[in-house]
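We call the chains A, B and C, going by the order they appear; numbering starts again at 1 in every chain.
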Amino acid sequence: MITLTNRSKPVNRKKMTFLESIYIWNTFIGMMITLKHFFKKKVTYQYPEQTRPYSPVFRGVQILNRDEEGRERCTACGLCAVACPAEAITMEAAERLPGEENLYREEKYAAKYEINMLRCIFCGFCEEACPKDAIYLSETHAPAAYNRKNFIYNKQDLLIPNPKTQPEEYAQAKGLREINKKKK
Amino acid sequence: MIHLLTIDWLLMLEKLILIAIIVMFSLLVAMYSTYAERKIAAFMQDRIGPNRAGPFGILQPLADGGKLFFKEEIIPSSSNKILFILGPSLAMLTAMMTCAVVPWSTDLHLFNKTIPLQIADVNIGILYVFAVVSLGVYGIMIGGWASNNKFSLLAALRGASQVISYELAMGIAFIALLMLTGSLSLRTIVEQQVTSHWNIWYQPLGFLIFFVCALAECNRTPFDLSEAESELNMGYHQEYSSMKLGFYLFAEYVNMFISSAIMATLYFGGYDIPFFNEAAHTDWGNWLAIAGAVCFMIKISIFIFTFMWIRWTVPRFRYDQLMTLGWKKLIPLALANMLITGAVVLWMHK
Amino acid sequence: MTATEILFWFLSALALFSALMVLISKNPVHSVLWLIVVFFAISGHYILLNAQFLAIVNLIVYAGAIMVLFLFVIMLMNLNNASEPQRNSLIKLAGVVAGCLLLMVMVSAVRSAGEISHSQATSDGGIGLIENLGTVLFTQYVVPFEISSVLFLSAMVGAVVIGKK
């Protein structure tokens, strides 16, 4: 027989000796193993107080980005929706009116931008496809909800807080990723 | 006309208080055994275990008990109602009854009275334990049958046959010990060990057999066939809910406590303090009795820990393995142990 | 009336009542459980007679082992009212006659037993204690004792032979 690995052991079907058949010695060996584990370092994270650090390539809920002056970066080009393999992204474009220059960076913007979190597979293709650096995947999870409607995230849910008016929330939303990057 | 004066009311009161204390204490130990079980299981699996209710999760048993009390009480409509309620009651009763003959320590001297820390020093003490243990199987059988559920019935039958099988080896292992002590009274057995060596030095094999059988009698892993979750959906207490289920689970821990106490009494000197001459310190009075009781509790805790240690090490036996071990290995071993002990005792006395 | 007498009457009433319930109850499992209560009451009587060893052995052997096996078998047979066989009146008559004869035998036995001196039957006699019982069994009655053990051995061998078939 060809074995896949060299670690496999054939089953031993020898008749047990009397000492083996009363199981006491083997049980004792097993008990020594569990005793060793008794004094080992515990792997538990005390969750609410202590969180597990995210991996640097972690992909969480999408965030729509703003530039330094707090203007939305998205131009509703639709490349993210095209790239999305799960077809979770829909959007409607609109033209920037005069006087809205402080809200939107380009002449065109997304009037409606929705991501269906039940469809999203967090592959990160939208982030890769975006030419304007307007969408990226953050380090938060999509929270649970009681009905399907709540899983369709609209623009208000996705937009990052304004760095001008709410600098603290902005820094928080920007996430640990930036801090971690700086640390490295 | 009843002569009320013929009854020693003071003695009755004293015994009643002692019974109340011991019963409460057993329940407390059983409660914290559940906590210890979860903690030990966690530590052996590299986890931390319950630590939210109170500091280090100390209040966890209270939370569990409270939860059980508030659960809905369900009695299956096709069950036998009286027996369905009788089952857990019997399990709990037989578990608690055993502690009547265990000597917890030497006599206390309070209010110019000598109070023995033992409910009843009967001259058949250990036989009483055997009788109660053999009755313990009714709790499982009646509960399993009255549930009117095939898994429960199977589990009850398994449990009963297991207890009967292992009682034999246990009894034979104990006969060998009896030949050495010459007494059935637990207090006498302990006092013999206080003045000379512990019985474990004379009966190591007997103790090992007794220990394995005690595991089986308590339905502890690796002998927990009657509550095999994976095969029988929880076994004999499948249909039980709320505090009736709690009684069954609790009875198991009380049983474990009592059988640890019996083993410590029979083989490990009971309330004897190791490397310490009690006879030279009689002036300590009551403190000596308390120290003895504490020492006894430490021995019991070590046994309870070993019970749990084994549970979280060894998987469950198959039914045929269980029966082979009981009938073909342990009973011949116990018989050989008994014969050798008998021969040695005869030879030494000649 | 002393405490012993109260206990005696209570245990006697309990024993008779549960013995009746063994016969009356329709469910065989209930019968077995009532029989266990009877054994308990009788063990209580043994303790009143200062025969603690007999009392506890009665519990271990009868209530603890034999009744468990009975319960075992009855649970597996799943007896119920429907499977109870119909008895004709002739068998019923035979049962009544046999019962009356047994009652007569027992009454005459009890009457003749009245002549036995009371000293052995009260708690003064220590014959039921384990040391005395052991001494008597292994000196005065050693031959009947050993013969009965041979009887048990042959019964065991017989059971093994039947089981092997």
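Worth pointing out:
Criterion: a residue touches a chain if its C-beta (ideal position, glycine included) is under 8 Å from a C-beta of that chain, and two chains touch if they have at least 3 such contacts.
Every value quoted in this text rests on a predicted model; they were computed, and no experiment measured them.
Of the two chain pairs examined here, A-B and B-C, it is B-C that is joined by more C-beta pairs in contact.
With every chain reduced to the mean of its CA atoms, the largest distance from chain A is reached by C. Distance between chain centres (mean CA atoms), chain A to chain C: 74 Å.
For the pair chain A and chain B, the distance between C-alpha centroids works out to 52 Å.
Between the Cα centres of chain B and chain C there is a gap of 29 Å.
Under the contact definition stated at the top, not a single residue of chain A touches 2 or more other chains.
The set of chain C residues touching two or more other chains is empty. Of all residues in chain B, none touches 2 or more other chains. Considering their complex, residues 1-3, 6, 27, 29, 33, 36, 52-53, 56-57, 59-60, 63-65, 68-69, 71-72, 75-76, 129-130 of chain C touch chain B.
Residues 18, 21-24, 27, 30-31, 33-35, 37-38, 40-44, 46 of chain A touch chain B in their complex. Residue ranges of chain B in contact with chain A, taken from their complex: 40, 43-48, 51, 208, 212, 222, 309-310, 312-314, 324-325, 329-330, 333. On the side of chain B, the complex with chain C involves touching residues 1-3, 6-7, 80, 83, 122-124, 127-128, 130-131, 134-135, 137-138, 141-142, 145, 153, 156-157, 160-161, 164, 167, 184.
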